[in-house]
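In the two assemblies presented below, chain A is common to both, partnered first by chain B and then by chain C.
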Partner chain A sequence: MQPKDPTARKPNSPAGNGNTDQPSKKSSNSESEGSVISSRQSASIIASTMIGVGVLTLPRVAVHGTNQSGWIGIVIGTAIAMLMTWVISRLGGRFGGQSIVGYGAELLAPPRLKWIGKVLVFPFLLLLLVYWGWASALVARLFGEVVSTTMLPTTPVEVIIVTMLVAGLFMTMYAVEVMARVNEIMLPLIVVPILIIAVSSFQSGRLENLFPLFDLDWKMVMTSSFIMTSTMLGFEVMLLFSANVQQSPHLIRSNMIGVSIPGLLYLLIAIAGISVFGYEELQLLAWPTLELVKTTEVPGLILERLESAFLAVWVTAVFTTLANFYYATALIIKQMFKFSSHRWISVILLPVLYWLAMRPDNLYQLFATQNIIGNMGMVAGLGIPLFFGLVGVLRRGKSEKG
Partner chain B sequence: MLLSKFIVRLTFLALIIVLMSGCWDRREIEERTTVVAIGLDIVEDDPNLLSVSIQIPIPLKISGSGGGGGDGDGKEAVIIMEEKGRTVLEGIQALQNRLNQKIFFGQTRILAFGEGLARRGLRTVSDPFRRDPEIRRLLWPIVVKGKASELLRSRPKLDQIPSVFIMAMFENGTKMGTIPDMNLGNFFVDLSTNDREPFINLLDIDKDDIKWDGVALFRGDQMVGTLTPEETWQMLRIDDEKDGGDLVFAFDGREDRLVTLSTELIKSRKTVTQLQDRVKVHYKVHMEGNLLEKTFGKDLFNAEEIRRIERDANEFLEGNAKTMIQKLQAYRSDAMGIGKDIHAFHPAIWKKINWTEAFPSADITVDFVFELRNTGMEME
Partner chain C sequence: MMKASFFQILKSKLTSGRKKRMKAHMSQRLKTKLDHMGEVQLPETLAEALKLVENALKTSNDMVVREFYLGKDSPKRAAVLFIDGLSDTQLTDDFILKAGMFETTLHDNMQAAEDELRRLGIPINDLKVGKTLKDVVNTVLTGDAAVLIDGVPRVLQLNAKGWIQRGIEEASTESVVRGPRDSFTETIRTNTAMIRRRLKDPNLCVESMKVGRRSLTDISIMYLEDIADPKLVEEVKRRIDGIDIDAVLESGYIEQFIEDHHISPFPIIQNTERPDKAVANILEGRVVVVCDGTPFVLIAPSVFAQFYQSPEDYYERFLIGTLIRFIRIISMGMALLLPSLYIAFSSFHPEMIPSRLVIAMAAGRSTVPFPSIIEAFLMEVTMEILREASVRLPGPIGPTIGIVGALVVGQAAVQAGIVSPIMVIIVALTTIGSFASPSYSAAIALRMLRFPMMIAASLFGLYGIMLLLILIIVHLCSLKSFGVPYLSPMTPMDINANKDTLIRAPLQWMFRRPAPFNPQDPIRVGDSSVQIDKEGETSNATKGSDGQETK
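For the complex of A and B:
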């Protein structure tokens, strides 16, 4: 009737990373449900996790501080995200079948002192866990806020949040393979409509709003790139899911495409937003992409008020982000504490996520919290791959010498 | 194991049924009061009060809407209600208190401001319209000579719902290139853009007669003056490359010899230079057109006469454009967004000048190159 979770009834090996005493590339352990994610699915997971609630606020965030040149930050942000994804993919390839939980411990300590590695890697995992959990809660809250202000003003925001979280919970009940397939199917449903909106809104754009092109200083570019990179977060879920990815020579290329899809999409939306509204107006709009949709008439169509249709599509984008983060949170807890299944963890997480989602009192606090989580995500998404990548390079050099 | 799985599924099913099926926000179309036009005016006796008027169509009275309810007259197809309030929403609240259904702004097409209010400033009164997600950015803001409520009360006979008449007038006008495409979204954008001043279409009301009468110019959010239809067309041609209306001018400088030309395929090029403190902006506008009417017998069908028509057309257009630009400079209202263009494409010049001060004294010139293509079905 429904796909069976292959690990659900499998007795879990208590050793966890037990096989890592002899570090071998193909070590199989409890983190893995087998190599079930194809290269294309891996790219889809990256892309659809990255495209999330941020789409709606993106043009405003992009022009913050850099005025009409906000799109430069997106280009640099995409480049940084690609670099990180490359590091993560290389780490995943080197430790096939293992996630950060396994290879992190392995990298941080010599094989004989395994427990030291486990202790040392713990704060990193905790950071990821808190970030993913909190991020998925905030995604749900932002979604609730948008839907209740624009579409369903009398529906309580709590109900919208719970609905979304329960939908996420539903996906976490299945195996990683199912999650990968869901992402693969949903990605075109997200990308194509957003692409149409972005392209068709250019008809009311004004070229002069984008010029002068490079009227900025380095400090502004750095700040903007930092902010834009934080909107590109999501690729770091591969730190965890890489354990289940089939190793293939195309994997890195696919993952790069996975990052560049949101990069290009964000670039288009930002340029459309800036050229239609100009940066002064953008700073006044709470949900600029939605306003962009409202000013757009699809030529030749009788359809007006496309924003409802757009929001319907956007639900999909939000769902994949939320559910992937949710899944990652549950899965990393399972691997850290060697639980037999992540399902009950997901169920227990639900009220926690709901509580986190309901904590900000108003939109201002919500955006402030989002900033904090964004910075946390930057530490997790940039710091962890860089640190472990570096350690990996150093340890490899050492082991070759020894 | 099986039982727990069953319970989980049952819980999910129950949650889905409970959460997904209901509809908090269901509001049937007949449970709404659809407002098609909003008018805002100042109250003369009390500067603290605003007058808010709304136009509501009565579905039963609109003929052809089924049920045979329409009496064909259309005289009472809409009702107009007016209330006062210190804020826009206070006025709307007062209107809501007189209505049986919830007011719905999703179909609002017209947002009219009285001239008095426009001169006082529109930023504060447009605030609720920026916040309300029901309000479209594609509706038409209008400045009415006199009072906005007069526009709502006016009953053009050609359409049962006056707002639909105005809407069609604007949609066709923008399509023909005679009325500027200034919708609410564009107005908001121009209002917040620093280097461009907004303008809004201006309507003149005479009882049941509604006439487009050019545009109202703004400095910041305050209306400072108007452009006539001819001047607006010059602005459209120079800035937007829109066709504008037909040209009527004296041929060879004789008032009894009038020529009417159409204008189309307009191409406008702009050069910006700086001489000491003075900014020089020069437009070169190419256009083509047809002879539509002449009021004298002379055969114009030879190269020399055609050249003379073209020369006269250029002179007429240049003179007209000059008055338009002088008006903009006198009102200090950069409605063509020249400042924005200089900022965007000539940042070096922009850094050396203060546009707000430089604009009134800027040297803005326009050269027209009119080419006559066709004389219609007539040979002379």
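For the complex of A and C:
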């Protein structure tokens, strides 16, 4: 029963939202698939990429160095992330329809010598590519470690990593538009349970654990903010996806909200962790947020010992982070080397990511690698937007003069 | 191809060989016998014409050919042809034969003036004049009467349809407590009339098409011209036009040919047998496809949210409508998740179950020789068999088998120690839950997905359930129905349309039609609709009286 007209099968789009749909054949060769991401979806992508594995270790990382005032680092980290997101959104707005691959080359190219820009931007793209790929592998590994130690003790960690990566692969098989929708619909599924856990764990918190409020020196605050910013990474995927975002006056505002959602959540969790355990005890816990869940009792609930339920919900948070990074990796390779499709790239990436995920031998090495990746992410997430933002300002000045 | 999903690529790879072979056929629509008949002009003499028709319909013993003399003054030889059983014999006797023999006067040169033929004294309102053999055969086969006149190379096509049809009955798959009781029947005209009766709008379009080379099934595409997106209407028509199949026996054939995604458990196009539901959907800017021979009409495009919405939600007051909608969502979740949650909790996370319950569960399961996945599969498959069997069984035995199956087998299985009592409760809840969905096809999707869900739960516990749920959500996000994202208006978010998604807001608040369907006329509830203030008087009235006072 083959159709007479093969194009009759194509999901054509007579009734899409404004310009969300593009002719499918054209988009394959051009860099972007059109403006398919609404500003709300853009905010969702930022927020759900940021909320990831970091949630579980967050209170411990937060008190590192700043003791009971660890939450200050989160506030500053969120502010930095917001600043960077603002820069990225402005860049994306200025070069509508282009990602870092396109406008990076354009910004760095001297007049009439476009290829120099392409060469110059290459190391930056490579950094992003390696960071995103490695980060998604590490997210899978960290997740696998947590699940296999707490939830499924008899399941090998490899199986969990593979299933998670395959789930990520499944999402990368679809268009950017689908990824945006997945993020939009999953964000509430991520935020609401974590919010409930964070708020309800305050019941066993003690206020005195938070005092004295400002007993710290500036050096410490700086280090802490730096570390906290690295846990807030994820917004930098918009360097790539901004090519597909519909430009609207609300875009920057909603992106800011997108950053502030994880900021607020992290702040709540960190304060809850510090007030329940105190900073000294926190430093001894491997997964402090999980311990936080264990102390929480929701009265009247049928279920006891909520940590498995929390982890189950947390799967969605990890999935969006992993899959978005995975998607970004495949997409940036596609755009860098002008491939026609990112799908085969992501299939080929799967074993690579698995290999990267399995490289650390133990939890200690894993955390060490996480630090390296965190630093790399800081360069990618702070350095690249700042650098290109600066170049953008300079070149705009020049072009106005000229 | 680039935008196609992984599965579509896979599918195209797998079927490419077949496609090549099919290409010869695909390049041109298959020609039917009827098409050839269309090239045959009718001869002048009646005898020749009759010979042609009888040759074309050689072994149709149910065709009646009655020759008679047409006209009371200067009679001419003529013949009426119809199929016994499809045409109303009373009508052909009284208004064709009787009128033709005794009351009609013939014009002299009818051959020249086709108009004269149209004004012939035959008191039947729907009259057409054809020229070819195809017209004759078509007329006869659709149940109309054809009149051939000697010396005139034309055929009179007279509406004489009158076969036995089922009366309008209550909807059997979508019954409601409050709301109209009538449902569509198998006759397309009755169905379109039922829609038209509820929508006396001159903008309501009924466009007819014929699908199926052999069945020549009548299809009507109904929409509101000033609301429905013209691109959508065009797309629906284009896709239906592209169907080249020998016969269309039910609207399901059309659904499967025009849907966007073939490999998906979720129904991309909604069907209904309720005229009120069809009309409500037309009013939202959708297109309804009515197909002859089935009481199920198609609604395109559809979104996921529609599958837990019932027309009754709108007839009851909004709080009740919203609450009932919540109940339905919960029950659909139950239908999908309960058995797998049982498996996950009992074999992976027993620590999450409260200690007293876990003891009771363990005591119930102590005699069960199987792991919980086998136990659950056994019961769920049995339940599916029971359900299927009770559909097939003759009417009065159906409920009996339900009782036998559910009570006797369930009770006996527990006593025999094959399944635990909790499992029986879960199976019962799952089954009831899956019946709460107003859409049968959506309920089937959940019924189907329950089994992979159980396997995922038996492999990875809660993690497996979440993982599969995520995959399902990603899949749902990737679906589109005629360009409308399947999960809209939840994503892409549309606040206004969300007033009628999870909740059902008061009708006064839903003043705009849902935007995902691109309605041309977005306003549903006008500003001037009467607002009732607290004293129970209409504000318009108070305004009026105020006005009078100031005068």
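Convention: the second predicted complex is superposed on the first by the 371 of 402 C-alpha atoms of A that agree within 3 Å, B and C clash if a C-alpha of one lies under 4 Å from a C-alpha of the other, contacts with A are read in each partner's own complex, and residues count from 1 in each chain.
Keep in mind that, in the parts below, contacts are C-beta pairs under 8 Å (C-beta built on N, C-alpha and C of every residue); 3 or more make two chains touch, one makes a residue touch a chain.
Keep in mind that this is a model prediction, so the values were computed, not measured.
In the overlay built on the shared chain, the residue A:309 is in contact with chain C alone; chain B does not reach it. Looking at the shared chain after the overlay, A:182 reaches chain C, while chain B stays out of its contact range. When the shared chain is aligned, chain B comes close enough to touch A:295, but chain C does not.
Once chain A of one complex is fitted onto chain A of the other, the partner contacts of A:242 are absent, as it touches neither chain B nor chain C. In the superposed pair of complexes, A:78 makes contact with neither chain B nor chain C. Touch counts on chain A: comparing chain C and chain B, the chain ahead is C. In the superposition on chain A, A:38 makes contact with chain C only, while chain B stays out of contact range. In the superposed model, A:155 lies in contact with both chain B and chain C. By the document's definition of touching, of the two partners only chain B reaches A:280; chain C does not. Contacts of A:370 after superposition on the shared chain: neither chain B nor chain C is touched.
Common to the chain B-facing and chain C-facing surfaces of chain A are residues 151-152, 155, 163, 170, 173, 304-305.
Here chain C touches chain A in the complex through residues 1-6, 9, 15, 18-19, 22, 25-26, 29, 229, 231-232, 234-235, 238-239, 242-245, 257-258, 260-261, 301, 348-349, 351-355, 460-463, 465-467, 470-471, 473-474, 477-478, 480, 482-485, 487-488, 490-494, 515-518, going by the rule given at the top.
By the touch criterion stated above, chain A contacts chain B in their complex at residues 68, 149-156, 159, 162-163, 166, 170, 173, 207-212, 215, 276-278, 280-281, 284, 291, 294-295, 297, 304-305. Residues 8, 12, 15-16, 19-20, 24-25, 106, 130, 133, 136-138, 185, 188-189, 192-194, 337, 340-341, 343-345, 347 of chain B touch chain A in their complex. Contact residues of chain A toward chain C in the complex are 1-6, 8-9, 11-17, 20-21, 24-25, 27-28, 33, 38, 40-41, 147, 151-152, 155, 160, 163-164, 167, 170-171, 173-175, 178, 181-182, 184-186, 302-306, 308-309, 311-313, 315-316, 319, 340-341, 343.
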